[in-house]
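Two complexes are shown next, each including chain A; its partner changes from chain B in the first to chain C in the second.
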Partner chain A sequence: MNWRDAAGLAWSGVGRRFGRSVLTIFSVALAAALLTALLAVAGTARTRVLAQLTRGGPLAGIRVEAAAPNFSELQSDDPAPGAPRAITTEAVDRIASLPEVESVLPVVSVPELVLPTVPGGASGRDGPGPRPFADALVGVSVRDPAVLPVSLVAGRLPTAGSLREVCVTEAYLNRLHISTAQADRVVGTHIALAAPRVFPELAVDPDRGLWVKPEIVGVVVQDAGTGAILGSVQLARQQLAFAQAGLDPGGDFAIPSSPYSGLLVVAKGLNQIGPARVRIADIGYSTSAPEDLIQSVLRYLHVVEIVLSGIGVIALLIASLGICGAMLAAVRERRREIGVLKAIGARDRDVRHVFLVEAGLIGFIGGTIGTLAGWVMARILGGAVNRYLTQQGLAGVRVSVPLLLLAAGVVGSTALALVAGVLPAQRAARLPAREAVAEG
Partner chain B sequence: MRLPRAALVVALIATAAAAEACSSVSSPPPGPPAQPNGPAPLYVAVGASETVGVGVADPYRQAWPALFFREALPPSARFVDLGVPGVTVSDALVQEAPAAVSLHPDVVTVWLNVNDLIAGVSAATYGQELTGLLQELRRGGRTQVLVANTPPVQAFPAYRSCLPFMPGVAGCNTGRRAPTPDEVAAMVAAYNAAILSAARATGSHVVDLYAAAEKRVRAGTFAALIGPDNFHPDAQGYRVVAALFARAYRSLPSSG
Partner chain C sequence: MTNPTRPDRSSSPASAEVPGRGAAITVRGLSHAFHAPEGTLHVLRDVSLDVPAGAYVTITGSSGAGKSTLLSVLGGLDAPQTGTVEVGGTNLHGLRGDGLASYRRATVGFVFQHFGLVETLSALENVELAAALAGTGRRARRRSAQRLLEAVGLADRAAHRPARLSGGERQRVAIARALVNAPRLVLADEPTGNLDEESAVGVISLLERVHRELGGTLVVVTHNRLLAVRAPRRLRLHDGSLHPAA
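So, the complex of A and B:
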């Protein structure tokens, strides 16, 4: 008997005991669905928690301050920086060339007078608009958003290098008494920003501003620097150059002397953060990185994943016991058939194959249906969570089920079913032909 | 801020009218217009109290240079307002021109005439100083300069309220004879001729505030554009001024 004959007999066996087979397949599907959904949700939660910890930035991110390191610099994730120290282009190049460093992103911060616009309200043309307020523009390179500690709440990030687009943070919304849930309202409006500069030659009010009028294209939660406005590094450099060209005798505007207010450094992996921080401190700058916190959270998340996987695996084991029981019952009911098979020349291993294929078939069908159902369940759950987060004005989540997980669900269910079918198949194979025919 | 201004308008225009009688200006040919450069043009406003938006509740948004910047210039444009209340052209040459030139602007607007008129600067002197200012701001043709002429000061409520048999306002007691509307109109005309000459000599472009205001004077709607101090424009008046500058800017050969 070849494998095709064995598969044909197994399939007819499944068909003949349809009710029992459906119930067995259902139990396998249920267990596979549970395992898939749990692992998908755990994976999404892991991504979300880490994104929250890193503010959307890379896990191996290091923040470099425009300040000297203090004596206990490397004892803490977030040390107090030492005395101010300008970050020069030469320092940026030295940090970028460190072997532990993947990439370096400069951050330029500049104080600004912000002239907000109430969506649909007075823009100044028909009446006085909302009061201006002092804040800061944080300029970053938006060419590679994946390495930025920025989470988008509404709209999009400014185009790379744009002088006419910015994002705002919740602090800006608060000024206009707009809730985060209504963040979309400010997208598409224009604000005016003025970098300050003192012109000593002017006899009256020597403090003047370089005004720009960018469009708000998005609302973000950002941790790249302190400021309610996020723009391109080119826009921030333009504003900073104007401010730095003047005088700030009383230091009223707190205009930074450093060309960069900080750097966002990405290390080549979590284990490279420590060595990279040591080297950057040697170059002369203070750093911070949530590496200890991330390591701790990763350990906790791993435990959660083990527990959730354990629940799914237990469900699959119970389903396997169901397969084993159903197959043992089938062996008992099909003694006569087994006897006839042996009488016409089937060997023990042929009989074993028939029952193993039948068990594998049940596992494969149940596993496929269950894994797909688990994927659908995870998507539905993700959609519900997304709606809730959006209502709360938070960034949504994207439930992703890796193909590997889907394949593992199907293969794992089939493999467990095969293991569960070994005992019944063995028992069927060892039945003496004469005895089986006589008893059947 | 400007109620005492009404008295000044009357007192000092009288002095200026006398000086004007013995002055004259020449009219050199216009220079070639400059091309605004780069994708992020820099606009600088040079002027006096009107340029910083005196007379409106929200100068950051309602002053005419802010409106001009917001509505006429490209989205990537930058803007610095160097206006100083009360300055004359000679003050601006010392205070505002060096600051403006140091910024290397692409576009400059200039509205400086009413304070000179009030201060009694003769049209000839005014014309010479304005030519020097515009020459400096033009930076050899690299900057487009739009210069406003003088509105009909004889129609300002601050002036008219001081004329005999007109309802007076507080602070209008100068103890001197107010120049007649015809005398003031002649001064304004002499100033505007000087502005036109200075613009032609330097390749600048005149924004005709006088013609636009005169049209409204004839229609009886001019007073509605003046704020509660009877001297500075109100929000609507600044919108009209911004629109006139915008129209002049758009008519420039390469303003886009």
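So, the complex of A and C:
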């Protein structure tokens, strides 16, 4: 008997005791759903926690300050910068060429006079709006958002290279007395920014500014640099070039002399962070990275994942026992039929195949239904959590169920069911053919 | 009464034989016992038997006389414990497991009192099942099964499941299944035991017609003396020994 015929006979066996088959499949489905949902939620929680730690940036991210290193800082996650030191283009190139480094993202920070616009109202420059305030524009390359320590709260990131789009942070919202939950309100409004420059040759009003009025396209939580405005590196360079062209004798505007206020360096893995920091310190710059914290959190998260997986696997094992019990009962009930099968020519292995396929079918059907149900449950749960987070003015979560997890759910359920079917299949295969003529 | 140790030749085998592809049966000194906690039960005692190829034989006997056990041994459901059993040139003594399964597939067609049909399969699929076990291709076995169902008068019931067939119809499906691999020996264990008189006559007539037309050896175990006398050669099992029936 080939596998196809065995599958046909097994399928008819699944349909024989419909109620029992449905219950057995249901138990497998429930376990698979639980496992899928738990792992999906655990995965999402892991991503969320790590995103919170890194502000959405890469796990292996290192911040490089425009300051001399303090070698004691290499023993901790926190920065302890020395004297200010300009980050030169040559230094950027040297850091980028380190074997432990994956990528380097320059950060350009420039002080700005900010004139906000109240949503639906006037700007401070136009009249009785909110008061202007001094802050900073942080310019980064937004070509690859995955390596930025930036989380979106509302809207989107500026277009790469744009001189007309910026994002603002919660600090900006606070200035306007807008809660984070209402962050959407500022999206689409404009903001006036002026990079300061001192013209000593002017006797009257020597302090002037280069005004730009970009649109606010998003609200973010960012850790790329200190400042309430996040824009493209091109916009920041334009502003910085204007500011650095003047004199700042009193240092009132704290215009940086360094072309870069910092660097965001991505190491080639968590274990490369330490060596990379040592090498960057050797080049002459202060660094910080939450590697110890991340390692600790990862360990805890791993334990949580193991515990949650364990719960799901235990549920699947219990379901497997259910399959085993149901199939042993089926073997008991079908002794004569098995005897007849053998009487008409079935070999032991033919009978074994039929029962194994029957167990596998139950596992496959239950696993498929359960995994899909788990995916739906995770989505529903994620939606509820997302609503709650948004209401609290926090960045939402996106529940992602990897395809591999779905496939593993189905394959794992089927495999466990097959294992559970081994004993009944073996018992059925060993039944003597004389059962065909036995009384009963 | 014949000596049970001597091959039984009391009936006239010549009149029961249909020349063709039947399997001759030779049994010498067959004994069979079951071991139970209450003690050993000797079901067959030193049975010897010769059935020529193509013969039609009925075996009667009271309950527990060993009829089904003899049929099980002849059909390869049980391995002979002592003595020799040769069917169609195959010595069953050394056969176990796959060897016996192969013998059953190639040589024997079973008809059971309880029909032995798979309840979840249609009549056609039940007949096909035996052919599938013999490795016959999908199309060929469907053709054979349809032809056999037609031969037993159930072409219009091919798609019906056993639960929707009468007892007589189920047994006819079982006969079709027994024949699908063209066996050289058909063993029927109380084939009319669960049928009313009319259906019983119909089923036994069908078996006899099949025997005449296909030429296999036919051994029928039955309680029904009226049906038993239809066979040219009749045997009776009593206390584990085989005797010619009156």
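Please note the rule applied: the second predicted complex is superposed on the first by the 429 of 440 C-alpha atoms of A that agree within 3 Å, B and C clash if a C-alpha of one lies under 4 Å from a C-alpha of the other, contacts with A are read in each partner's own complex, and residues count from 1 in each chain.
By definition in this document, a contact is a pair of C-beta atoms (placed from the backbone, for glycine too) under 8 Å apart; a residue touches a chain by one contact, two chains touch by 3 or more.
Note that the structure is predicted; figures quoted are calculated from it, not measured.
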Query: Aligned on chain A, chain B and chain C: do they clash or fit?
result: fit
- request: Could you look at A:238 and tell me whether it touches chain B, chain C, both or neither (first, second, both, neither)?
  value: first
Task: Quick one: classify A:201 as touching chain B (first), chain C (second), both or neither.
output: first
- request: With the two complexes superposed on chain A, say which partner A:5 touches: chain B (first), chain C (second), both, or neither.
  value: second
- prompt: Between chain B (first) and chain C (second), which, if any, makes contact with A:115: first, second, both or neither?
  reply: first
- request: May I ask you to decide whether A:347 touches chain B, chain C, both, or neither, giving the answer as first, second, both or neither?
  value: second
Message: Between chain B and chain C, whom does A:213 touch in the aligned arrangement: first, second, both, or neither?
response: first
- prompt: Which angle, to the nearest 10 degrees, do you get at the Cα centre of chain A between the Cα centres of chain B and chain C?
  reply: 150
Field: Shortest CA-CA distance in Å separating chain B from chain C in the superposed model
entry: 76
- request: Return the residues of chain A at which the contacts from chain B and from chain C coincide.
  value: none
- prompt: Along chain A, where are the residues that touch chain B in the complex?
  reply: 115, 123-125, 127-129, 132, 163-164, 190, 192, 199, 201-205, 208-215, 238
Query: Across the complex, what residues on chain A touch chain C?
result: 1-2, 5, 9, 12-13, 15-16, 336-337, 339-348, 350, 432-434, 436-437
- prompt: Okay, in this complex, where on chain B does chain A touch?
  reply: 39-40, 52, 57-58, 60-62, 66-67, 69-70, 75-82, 84-87, 91, 94-96, 98-99, 235, 239
Statement: Listed in rising order, chain C residues that touch chain A in their complex are 68, 71-72, 75-78, 97-98, 100-102, 104-105, 108, 110, 112, 114, 116, 118-121, 129-130, 132-135, 177-178, 181, 189
